[in-house]
Amino acid sequence: MEYFDKTYHPPGTSPGTLIDNEEITADKSTISVLDYTPHDFIEKELSSAEECAPYLEKDSITWIHLQGPIQADTLKNIGHIFELHPLTLEDILNKGQRPKIEEYDDLLFIIMSMPTEINGTIIIEQVSIFKGENYIISVHAGSLDPFELLRQRLRKTNSGIRQKQADYLLYCILDLIIDQGYPILENFSENIETIEEELLKASANKNTLADIHRIRRELLLLRRNLWPQREVINNLLRGENALIHKDTSPYIRDCYDHTIQILELIENYREMAAGLIDMYLSFTSQRLNEIMRVLTMIATIFIPLTFVVGLYGMNFSHPNSPWAMPELNWYFGYPIIWGVMIAIVAGMIFYFKRKHWL
Amino acid sequence: MEYFDKTYHPPGTSPGTLIDNEEITADKSTISVLDYTPHDFIEKELSSAEECAPYLEKDSITWIHLQGPIQADTLKNIGHIFELHPLTLEDILNKGQRPKIEEYDDLLFIIMSMPTEINGTIIIEQVSIFKGENYIISVHAGSLDPFELLRQRLRKTNSGIRQKQADYLLYCILDLIIDQGYPILENFSENIETIEEELLKASANKNTLADIHRIRRELLLLRRNLWPQREVINNLLRGENALIHKDTSPYIRDCYDHTIQILELIENYREMAAGLIDMYLSFTSQRLNEIMRVLTMIATIFIPLTFVVGLYGMNFSHPNSPWAMPELNWYFGYPIIWGVMIAIVAGMIFYFKRKHWL
Amino acid sequence: MEYFDKTYHPPGTSPGTLIDNEEITADKSTISVLDYTPHDFIEKELSSAEECAPYLEKDSITWIHLQGPIQADTLKNIGHIFELHPLTLEDILNKGQRPKIEEYDDLLFIIMSMPTEINGTIIIEQVSIFKGENYIISVHAGSLDPFELLRQRLRKTNSGIRQKQADYLLYCILDLIIDQGYPILENFSENIETIEEELLKASANKNTLADIHRIRRELLLLRRNLWPQREVINNLLRGENALIHKDTSPYIRDCYDHTIQILELIENYREMAAGLIDMYLSFTSQRLNEIMRVLTMIATIFIPLTFVVGLYGMNFSHPNSPWAMPELNWYFGYPIIWGVMIAIVAGMIFYFKRKHWL
Amino acid sequence: MEYFDKTYHPPGTSPGTLIDNEEITADKSTISVLDYTPHDFIEKELSSAEECAPYLEKDSITWIHLQGPIQADTLKNIGHIFELHPLTLEDILNKGQRPKIEEYDDLLFIIMSMPTEINGTIIIEQVSIFKGENYIISVHAGSLDPFELLRQRLRKTNSGIRQKQADYLLYCILDLIIDQGYPILENFSENIETIEEELLKASANKNTLADIHRIRRELLLLRRNLWPQREVINNLLRGENALIHKDTSPYIRDCYDHTIQILELIENYREMAAGLIDMYLSFTSQRLNEIMRVLTMIATIFIPLTFVVGLYGMNFSHPNSPWAMPELNWYFGYPIIWGVMIAIVAGMIFYFKRKHWL
Amino acid sequence: MEYFDKTYHPPGTSPGTLIDNEEITADKSTISVLDYTPHDFIEKELSSAEECAPYLEKDSITWIHLQGPIQADTLKNIGHIFELHPLTLEDILNKGQRPKIEEYDDLLFIIMSMPTEINGTIIIEQVSIFKGENYIISVHAGSLDPFELLRQRLRKTNSGIRQKQADYLLYCILDLIIDQGYPILENFSENIETIEEELLKASANKNTLADIHRIRRELLLLRRNLWPQREVINNLLRGENALIHKDTSPYIRDCYDHTIQILELIENYREMAAGLIDMYLSFTSQRLNEIMRVLTMIATIFIPLTFVVGLYGMNFSHPNSPWAMPELNWYFGYPIIWGVMIAIVAGMIFYFKRKHWL
């Protein structure tokens, strides 16, 4: 995971510049069109952007979806057909935009951040959406198409979506993007609990710290990218857009609730992760304490004994002096010394017990 | 306790989908009806949702309460009879919603979080309430019915509630839910004080850290679930709802005061819990200091002595050299060495005393 | 000090229920009446609540003060005479309310928190005040009457208060309650400075941590109870109440300034207390460092020496081998070994000096 | 520096009470008057407050400045002449007020906090200012007159101030007070950088912690006293005061910018000081680590060696047993033991090197 | 890097005073003029400020840029020609201003902070901009001209800028200044990741702490200087300025998005840097633990052994006493002692393994 996930032109580049950021192989990207009324339903894969044009004129609701690496040329063509502002096209190409909503005369431009988990790593993918009177254009640069489930619902003749207008389709798309957060947060919940249990069972190891740190990073990433969506949905909810009808409001409000709940969970997990760091530090210092206590016990017990045995290893031996280590020549000298040493050990153990160190 | 306590459909599911989340045995859930005017009072247990219908037409105030695991079918029926929005029904079924209030034409939909303590663990139960002109529908998925006390008050002919309108009953329900927080917070207060005393008496142990951590988790859970209730009650208080009469306002304000006070106490306890972590760390490092000091004392006193006795355990013995450890052959050699050692010990103790280490 | 300082009825109790919270001996509580115009002044102690009634009808300004444990019956009577809302009476009885202001038709109901220091412990006492057109009822459940000073000012014929209306008396009462904070904060200031000096002089001990913790607890308590008073006074200041006259405004503003200043001081002291924890931890780890350094010095100096003397305590003695510890038989063996040992010590001391450890 | 820097009357004292807080020797305080039009300029030192009266009636702009300890009597007289509210006079006398602005009918009353550095200690001095239609009264209780520079500018005939009205003089006074913050903050910057360098060079000592703590205290003091000035200047800037003319606005805005910048710098330094604590703790624990590593090296290298030499100091000597320490009698026993010991040391050093401990 | 980066006049200096802050050699500063219409384009280097005057009268769009050290005289002249407020000129000269926007009658004055990296150190350079109806004056005191890229775009006949009005040029200048933040933040991202990897690989060293600290300082510097730009751009965006045309709005909004995103990244990096400190402390204490564990192992294993060998180094030798260390004379005494010692070691290792210390 990189911290800096924004694609940008060098400062001073002309605004609205569209350049392919990487070498793109065209065959990985697809343009699909869904065109429906309550009764009719057309689904097609287009080979070039120009083919979108006829759908614009029809009264039916049209959903054009660009999946996979985005080519600057395709974008330019679509921008030309639908008369899109060049800055919006630049935003689509330069990934890593903040979620935002922009209102043009008869057009809404929305950028959303969709969290996805790939091989245990959380990445943020940008989904860009244009909503016109009766069409929606969505662009997703990732490799997996997240909207297949939605398309399945649309294909059914009795689908609720087909009875409604384009703003309901917009809601479905937004709802799907936002709800991607739930399984990811559920996953976080499990990870945090696992680490907690490890710490409480004192079976933490070096990787534990790295894991906590990774969780904090990912939560930071999520928060930064999901936080502005609150404002985006709220903007739709305020009902000032002619493009959003009143009866779609309860649905948008539902979206808003989910956004808020996901953000609150993220905040919660961030606090829990901070708590884990505290626990980890406590755990480390507790462990150090335990080790030090054992060292102290052994050392303090044996150091005096070692002195005692060293004492009687001395070679004082003035032949006539009664002061030259007479203990060495006592009849019970050796057992007495053992007694003294046992007494020292017993005294110390008693002292340590009383101090609650043992 | 799990961190992720939300039930959700997979992203992309059609909104308003009602599916039983678990296998539910119907006999655990009950539908009870209370129908009253100042003079009349009917209390009944219904066997199916359809039986609710006649009460809707009567002028009396009707309180329908669904207790226990909620069946999707029952909800669908009730939704059909009372013309409830499908998203509200989905919210009831998908537990773990944020507290919220939604206004429909002649209907209020309120979700509340009720904290409960079961076997020493705090869980959050969702209570969902619909308030129409003269009826209230409440849904509580938990196993214990929290409203029995309220029903007892209603059964009395001279009960204050029966003299008033449905909004007063709503207040009574909300008040009861909110006030569940007080005994739980009182419990927290005791736990925090117990841990504090342990830490100050230095009788903390491994479990102390786990206890502090558990308290923090639970407070986080409480805050997340109770915080939005502030907004819910405030919304009722603003008096913009035709469904809330002016003379109920002082009561709602009382509810609001309780909500605020509970939130402030939670914030307080959170700060105290953070303070406990500080204390715990200080306590651990203080303890380490104490142990290290003893080790240092013993070691620094005996290490030089051990050197001294080791010194005279050496076997230098050039027969003619006056330099070959002559001390060993002094008449008072052994007592002198004892004197030297006692002097070293005394000097060190004096030094340590002066440094305030002893 | 307890964290949970709120008296509450069990959840589900009917609102406005007035029950004596404890066994109360009536003779400890007093009802005093002050009735004044610029020229007249009556001061009386009433034996029952019913005696208040005549004062209500007079044009003079009446101040009724209930001091000491509050009896539910007395409250009920007063509530009946002055037509007070039952919820306000319940708030008076259930101590530990948040400071608040409630406006009824021709009545203001104010709850204030008055901090008091009793035997070095800070407690919060609730003062409840009703302000009608020309009367004030104040209730204080504590044992000490805080308003004696105010009464003394009232007794003087030329007293400024007697020239003015009931709202000025209200100001005087609020001002007195708020200003109780100053001596308490002055006291905190001294405590914090004392602890600081101890920590800087390294004469801190076990109690220091307990002291810091106590200060944090008390500041938390103060903040929670005084913070809402800001809103109470601000509400009076906004001048929307017909019961507060325009020329009292500068005085209320003065009250507001004091409230703010006290809150700012509390915040300041909270930050200083947090800083003290940092200092305490630094102090402990610094102390550990110092001790460890001494241990390291002594140990590292003597451990090699002990090895050396142990070396020559070995008993290798192949009679014919020139390799069997020939040093033991050198003429200058013993002095040389001393030389070696002194060199080791000197080298180490030099090394430690250079490393700034000594 | 004391934390509690507010002078206050005992709770319950009558508002507007003016009592000399300390014994004041009158000769230290001065009353100076500057009276000017674009053409005329009078500067005088008054011997009593009554002499101010004539200046009030003149059309010229009058600046009365009270410097030094303030006498209650002088204040009373001035208050009487200029009809000032008694609460404002009390605020002047009771030093340690929060900066604030109060609007009276044709009068502004402003309290400002001026930071000053005296002998390396930062203190906050209160400057109180009254602004009438064409006069300004300023009161400063400190010993040093900060306005001399301003007076010098006024004395010049072509001075910009003299061409303008009293509100421009007010701006000049405020600007001078606010700008006192710059040199003080510059000083903080240097102190923080010095400590940082010490910590990075590992030459920190006991005083370092005390220094960091002192900086935090002083920044807290500054923030508390300067923060409310933001609101004061903003109030002037909003242009609602008839006493501030429109063309003075850009100057007030300049004042506002300075206030904000100073507050932002204070916040910055506060964060840096918090960072210093982190560094200090890291530094201490790093140092402990280093010391412990050396101890471990020495101890772990010599402890096994000491065992080895102790081993061969044993006196096992069964005359006929081939098991009684035969090594002692080997021909190359002593050199072999040296070889073993050197091998142990080499092995350990290799092990430590690989572990990056050496 | 210095913390205090503001140039200021001594408190009390007359506002609008313009004095050269340093000795300035005139030849380093240049005045360049660009004057263009869609068709014409003039680029010139002026030798004195007076030469600007004729461009003011022309209808074409004029961009005057002052690069390099600013001379007070030049500023005075320009201020005179374009009738600029003296306070704005003082702000240009006194570097280190907060970014701000000020509106004069037909003029906008904008101060921006441009972060630049010089030799790995981040510095903030002030760019001051005046925007009149059809001219822009920009002042940049640094040594490198950041606007060359923009000029290149202007020189092209088909340049988009030349088709538009002066407010579009203003947008281009602001955009260029703001976008300077991206490469700098990308750099931060790399530094943080490098440190993270070091910490996780446990290859951190003394410089790591200094590096983290430097990053925190620089982020603090960036935040303080870039935060106010949010308000500046927002002010332009609100569209209240007659000088900003409606069709430039989407471009300004793009600027605003960039500003917000840069600020959010800064906040993110600040949190990550705080996390690094946590990691560093954990890492240090983990390392200490590891070292202590090894010390404990070695010490606890050898200390008892050393006691044992010391024991049999004692010289008890009463010739007739059977108690005088009989073990020394056992036939298998020495091997038995080896057995005892091996048993002790094995027991300890077993114990440590079970405790997970080994």
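Annotations
When the chains are written out, they are named A, B, C, D and E in that same order, and each has its own residue count from 1.
To be clear about the criterion, contacts are C-beta pairs under 8 Å (C-beta built on N, C-alpha and C of every residue); 3 or more make two chains touch, one makes a residue touch a chain.
Just so it is clear, the structure is predicted and the values come from calculations on it, not from any experiment.
At the interface between subunit D and subunit E, two copies of one sequence, fewer than half of the residue numbers in use appear on both sides, so the contact is built from largely different positions. If you average the Cα atoms of subunit A and of subunit D, the two centres end up 41 Å apart.
One finds 25 Å separating the Cα centroids of subunit C and subunit D. Subunit B has residues 281, 285, 288, 292, 295, 299, 303, 306, 310, 313-315, 325 in contact with two or more other chains. The touch graph of the protein chains shown is a ring with every node of degree two.
Of all residues in subunit A, those touching subunit B in their complex are 147, 149-150, 153, 160, 172, 175-176, 179-180, 182-183, 185-186, 188-190, 192-193, 196, 200, 202, 250-251, 253-254, 257, 260-261, 264-265, 268-269, 271-272, 275, 278-279, 281-283, 285-286, 288-289, 292-293, 295-296, 299-300, 303-304, 306-307, 310-311, 313-318, 320-321, 323-325, 356-357. Of all residues in subunit A, those touching subunit E in their complex are 2-4, 6, 8, 10-15, 85, 87, 97-98, 100, 102, 203, 206, 209-210, 213, 216-217, 220, 224, 277, 280-281, 284-285, 287-288, 291-292, 294-295, 298-299, 302-303, 305-306, 309-310, 312-315, 325, 327-335, 337.
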